[in-house]
Structure formats: C-alpha cells, structure tokens
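First the structure, in the form of structure tokens, and then the observations on it.
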Amino acid sequence: MWPAALLAASAASAADQHLITLKASAMPSGQLAYEMVSHKVKSSTGKESDLTDRYASGPTIPGPTLVMKEGDVAEVTLQHGIADSALPVSIHVHGVHFKIDSDGTMKVLNGVADEAAFPDKPYTYKWTAAPGTAGTWAYHDHAFGNPMLGAEDKGLFGTLIINPASGKVPALIDGKIVDVDLADVKREFIIWMHETTFWGQELNHIIEGGKEIPLWTNPTVGARLGEKVRFHVMGIGTAFHTFHLHAHRWIEPGATAGVDTVNIGPISRTSFIVKAGEGVGPGDWHYHCHVIQHMQSGMMGDFRVIE
Amino acid sequence: MWPAALLAASAASAADQHLITLKASAMPSGQLAYEMVSHKVKSSTGKESDLTDRYASGPTIPGPTLVMKEGDVAEVTLQHGIADSALPVSIHVHGVHFKIDSDGTMKVLNGVADEAAFPDKPYTYKWTAAPGTAGTWAYHDHAFGNPMLGAEDKGLFGTLIINPASGKVPALIDGKIVDVDLADVKREFIIWMHETTFWGQELNHIIEGGKEIPLWTNPTVGARLGEKVRFHVMGIGTAFHTFHLHAHRWIEPGATAGVDTVNIGPISRTSFIVKAGEGVGPGDWHYHCHVIQHMQSGMMGDFRVIE
Amino acid sequence: MWPAALLAASAASAADQHLITLKASAMPSGQLAYEMVSHKVKSSTGKESDLTDRYASGPTIPGPTLVMKEGDVAEVTLQHGIADSALPVSIHVHGVHFKIDSDGTMKVLNGVADEAAFPDKPYTYKWTAAPGTAGTWAYHDHAFGNPMLGAEDKGLFGTLIINPASGKVPALIDGKIVDVDLADVKREFIIWMHETTFWGQELNHIIEGGKEIPLWTNPTVGARLGEKVRFHVMGIGTAFHTFHLHAHRWIEPGATAGVDTVNIGPISRTSFIVKAGEGVGPGDWHYHCHVIQHMQSGMMGDFRVIE
C-alpha cells in the first residue's frame, strides 16, 4: 500500500515515489551489510513498477545502490536482521532532505527518538530529493555498536545517486567539457575506498531494465571501447586516499581543468563520466589508490576496456 | 592615536582602518591562546568606533575572530602575556597583504627581523585586505616554542574573515546557486578541527552591534529555522578530517554541485552559507568529523535549528 | 632517426614531435632517480632542435621536467641504468593519451607485456598530448621492486607539463582572475612533497633557450619582484600535506575564490601562477607544509623575492 503522505508529496510534479525496504544483516565473515528486500516505484502517472529484481540477492558491501532523480520522494524501511544482536541499527542518508525523525541517529544525538530498527521493530525513513540535491551520496548506519555511533566501518554503507532533473551531467569528453545525457551512460561503477580495500558494484543499464551487480573487493570493472561510463568513488572509515585511474581523466563539477588522481577522505567523493578508452584504446587500465602503502597492500583493480 | 601611515593608506577609498591589540596568554589548562585587548575602527568619513566590547573577555580558543572587508587596512599589535616564558610569540596571517616585516616569523626564516612580541616589547603588524583577498583565513603564532616555528597547535590560532567588497557570497539556497547578501546573514559559526576536537565560536549579528561568543569544544551551535547562517570550518595541527553537517548541503566557490562532507587539512577550509533547516525543518542536526576514529573520540556537535 | 609513426601523428597540425631518452639510475645515496639522456624536437615545419643541454646532467630528484603542449606527441625511451639490479624499471605517465603497451606496468597488471626497461633492453613509450590533457602531471616508475608496483617512493618520479594550446592559464593577478600568457612566465618551480621533505626544481625561461635547474631538498626558490612565476606542487608516497606559501594567494582552475593552503595527497596537485611579491614586496617568503609535524621535521623553504 502506498502511504498517503508519499502520494501527496509528489502529486504536483513528474516525480516518482519510491517504496523501499532494506534489511541489515550479518554475513558469515562477521561483517555487517545491507540487503534489498523490496523496491517499488509509482510514477506521477500512477504507473507502478517493481524494481526488486534489479538488485543482488542477499547482503552486499557496499549495500544496494539506490537511484532517484531530483523531485522524487522515498519511504525507506529498515528491518533488523542481525542475528544474535539486539542492538539498534539505522540508516543515515546524505544529500537529500528529511525531517529530524528520519535522521537515522539515536535520541542521545538528535533529542527526538531512537531512529533505528530493533529486532522485530523496523524503522521507516522519508527522503525528498529536492532540487539542488543531485549528486552521489552515502547512506550508512549511525546507531549500531558501542558507542552507538554506527557500524559504517563494519560494512553498513551504501550509495544513493540522485540524478539531476535535467538528465545531464558535465564531463570531459573528447577533450571538451560537455553535458552528457545520462541516458547515454550504459554502466555505472560504484567504488568505495575502505582502509586498504576497494569495494565495488556495477549498475548495468544495458541488461533489460537494468541490473545491479555486486563486485566485492578490488574488482575488475569492464566496458566496451567508446561507451560512456560513470564512476562514483567514495571513502569510508578512517584512511585518506588518492583515487587514480590509468589513461583517463575527468573534471570535477565547475572545474575547468582535468584530473586523474583525486583526494578521497571518509565520505568525500569524486563522481565523473569518462568515455571508455578515449584516445587510448582497449586494455586492462589499472586503477588504484596512489597512497603507496595502500597500493602495496593490494588496493587496486582493473578497468577492462574491450573492443 | 591613529598612525599616519594607516590614515594615508585608506584616504582615497571607502575603506575602514582597524587598530587592533591582541595579547598572547597562557590559560590555567596550560594551553596558550590569544585574547582581544582593543579593536577600534575609523571609517573613511572619519567616524571612530570601538568594537572591543563585541569580543569575549580573556583568552579564547580559537582566538578573537577579526572581520574586515576588501579595501580595509589594519594595524595589529601583539602583546606578550605568557607568564613564566621569555620566548617570543607572534602573529602570522594568511590571505591578506603585508610587507616582510609583518610576516610574523623569526629572523632565521625571514632574514629581516624577529617579528614577534617579547615580554614588555609588543610587535605591530600591518595588513591590507587588498582586492582579491576576500575569504576566511587563519592567523596563528609562528615563533613560540623550540624550534621557533610556532605554537599554533597549543591554541595560538584564530580567524580572519575578509568580506568581499560586493557584500555578496555565492551559496546553494532553496536548490539554486545564488548570491547571498552578507547583511542577511545573522549568525556565523567558526569551527576549527584540531586532532580529535572541534573548537567553536559564534559571531552573532542579531545582538545590537554584534557579539563574539566563545563556544569552546564540540559545541552546540544554534539558529532559527530559515535564518541564513555562515559556517567557517578550518583545520589546525596534524590530522586530516572530513567535515559533515547532517541534512544540509553547500557549494564551494565556483563549483556547480553541492557537497555535505569536505576534506579539511591543517589550514585548509570550507566556508559556506546555508539556510538553517532548509527543506528539513527544525532539529538537533549533528555535525561531526566523518573520520570514524575521530568521531568515536567525540569529535561531534549539534547544529540546533529551532522554529 | 625520427620514427615514421611519430612523423605521421603530427603531420596535419602545428604539433611538435618529441624524441626523448631517459635513464633510471641509482645515486650514491642509494636513492633511485631518472636522468635525461637526450631530448630532440621536430616542429611541424620540419625544424629540428636538440633540447638536451637544457637539462641537468646526471640523475635528479625529481626527474627531468618534460614540457609539451596540447597537440604534441612524444616517444620516450627508458634505459635501465641501475647497477647491481636486473629488476625491471618503467615509466607510467599521467594525463596524456597512450596505448596499453605504453602504460609502464608489468604484464601481471596490464595483461599485455612487461612494459619496462631491463639491463641492456630499453623500452619505448608513445604519448599523445591530445586536446583536454593540459595540466601538470606525474610520471613515475610502476615496475621496480618487490612487489613489482614501482619505486616512485625511492625517487623514481618526475613531472610532465602539458601547456594548453591557447598558451593561456587562468590566475589571480592584482586581485582579479585573468588569463595569463605563458610566454610571460619566466620561472616555473616544481615542488614535490614526499613524506617530510620538499624536492624542488626550477625551469628558468630567462636564460637563453631555457634551463632546468635541480634544487634538491627544501630549496630556496627565487624571483624578481613582479615577475609572473608558476608553481607546480605535487605529492608522492604515503603522507598527506597542506602546501602553504606565505603572503601569496592563488586560484584553482574554475574556482572563484583564492586560497593560500591546499590539500596535497600522493599525486594530487596544485598548479598556479602568482606575481612575485604582489602587494607585499620583496622578502624571504616562507613556504612549508602546514601539517605541523611535517613542518617541525624541516619541511619548509623560502620563496625569495628581490627587487
């Protein structure tokens, strides 16, 4: 059933309403992770779709990548599925709008409520992707553990992509800064930098209806030569990194010169579009943290560009 | 008495002349800190005002927040008030113009003079907030200690705000990048990130004549819903941080996309205006360092937005 | 002899072709370093010039600073000159275009070849400074050592400057953001930040034909008052830094506000033009890392501005 508030919020616009249920779970490794339970969407014309099958089954690190666009609203319900623990677990989200009771923090911090799921007691958050919130944002736990500040560094983190209402993102393509239509982006790679490990995920928009593919640690990501692909790179935990992708370069929004190595701290990020193999051709293009101790600890992967 | 050079410097413009006296002192905790002794201003029309009462009395960390605008000039005299020490102490300022004898360094570095206060021997610095120097800048000791490189990490640091001649600063308000009139900004929060602690201060422009309020460590800062408030966040010492404010987002000057978590190293900064509670309403909005070890060490506070 | 491919590549444009030979060597200190063997250039009109004499003789840290402009192509041959070692050594370059066999990595990473020099077996890389590659970039080893990830932190790093086809770079001069003609820049300072040490080099364009001058560690760099000088500051290794230059300020490309202290991680950089002593006059203007432990370890130098 669609909540009345959710319906009202997007009545006047072409916005979508998202009804999402996530679960926080423990993996056999002992790490914690979010998993997708259900994601339904109702468009402004009333059309309903069920996106649940797009997601990987079971918990993943990073957690499910949620994609909305400016104007959309969402209700996100979190279930507590961490066996053998009665500690609360939550979702705090970055970038979008939400009232204080959707902050995902404990009452000791927000003064209102323990905004977290307990065993058999889910918690629901309401988000609005208002104008100006376009970007790549983190969501993560802000409650589990002792002290109750969150277990983001144990695996409870994921990615929220708010696409701009214009559907266009500036990028450095063929040597020029141009606006790229997101409809032309066929693959998106989500890459998190946690201490000395990359954790990856792919959104593949070529497969019918799109598909999220978990890539786990230090993955090889791939594209066909000339495809426009979008990277979302973010840090988590304690370490600082510099993300480098071989033989490609990109721009930060508003910048007038390209970079190929960017400072990444916890929850700071770079999000960019490149044309795979532009001017350099196919190959296993290395990406790695340029902090040499991190790299020597194995913090690297390949961007495989094939013809 | 107003120095002739100071009077001459601003004769042809609408610039203000600032005559400031600070003192470097030791606090009972053993930390060092600057305190305001006197701040007088003469406008281009010859009107004199005494701003001394706007400041907190006694030494504070961060030190007194000095506010000037592009075009202004200042003479800043430092008194040595550190009991039981004959070591020199100084002010090195960022951002503005000054001759080499106002650099605040020791002769071993600048080749000219020991530009520092000694017991019973104050030192005077001359600054010009020339066009192009608008921004939020640090001032700090560059002389005390052994070696004589400065005791900025012992508390001897403060903030210099140079407001642009235009009186306007770009900001992300109601989802759009607009120029905000600084006259509409009622509260400014100065937040320094030192190892695992925030040190705060408020400039309150609502109180008649304005008032600087020391907030000390990991403070709650507050605003009324919808007020435009300005944050100045800077690092000091050795650690790197990522500053995050819940449920609000902002832009860096020139950027075309919002952020809510920014890399902060020693003396690097983010300075931005937000509309308190924009789209999210009232609440105790958490701010914290997103480096999880720093956060778990207590590096956090609240931005309390009330109706 | 000029390779046919190189000639073909630039036939249609005003581009220069660069034929460069470098050698990786060991220094008596045990550090490794690149040295210039030969640098010849053929212009689009067929004029040949030999730039070899512009470079320092012998290995230097950082290695030879290579300067090209958008549109240029280069063949760079690396000789293995590290006595007592049969381990491969390579050049991986940032920013420009190159096919996967010019990546400078080992076959285990790129899947194609060991793109490195072995004793008595040089390796040749082909680079294209395509439109959009203007900027200051690193080149460094990506093969030496165990594991074969590169000895960039042992000294095998250098700088590649790609000047824009327009010949102009935005800068904050006399309080305004203007486009500076690179022909008006007489000195360029290359400053690398490695752990607690600066490694410097000067490109002096005043001397007939230009000259590269190695400056080694924590150097004094110098300019005449009012000269436009260009700084290229980059990190290498593991540490994060904040680069500060006293009494000067600059802009990042696209930014609308000045800075005087910038976060620098491994291979991230700031590249900027200032007018020496603008508004502040002559003096020994200190530059240093603002991470206080780095500064206290001696990570500092002077920018000496004379009349």
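The chains carry the letters A, B and C, assigned in the order they are written, with residues numbered from 1 in each.
As a working rule, contacts are C-beta pairs under 8 Å (C-beta built on N, C-alpha and C of every residue); 3 or more make two chains touch, one makes a residue touch a chain.
Small disclaimer: the values here were computed from a predicted structure and weren't measured.
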item: Angle of rotation relating chain A to chain B [CA atoms, steps of 5 degrees]; value: 120
item: Same vs different contact residues, chain A with chain C, by half of numbers used; value: different
item: Computed distance of Cα centres, chain C from chain A, in Å; value: 35
item: Multi-chain contact sites of chain C, meaning residues that touch two or more partners; value: 240, 252, 254-255, 263
item: Complex interface listing, chain A residues touching chain B; value: 92, 94-95, 97-100, 103, 105, 109-112, 128, 130-135, 137-138, 147, 149, 152-153, 170, 235-238, 240, 252-255, 263, 265-268
item: Interfacial residue positions of chain C with respect to chain B in the complex; value: 172, 174-176, 240-242, 244, 246-247, 249, 252, 254-263, 278-286, 290-293, 295-296, 300, 302
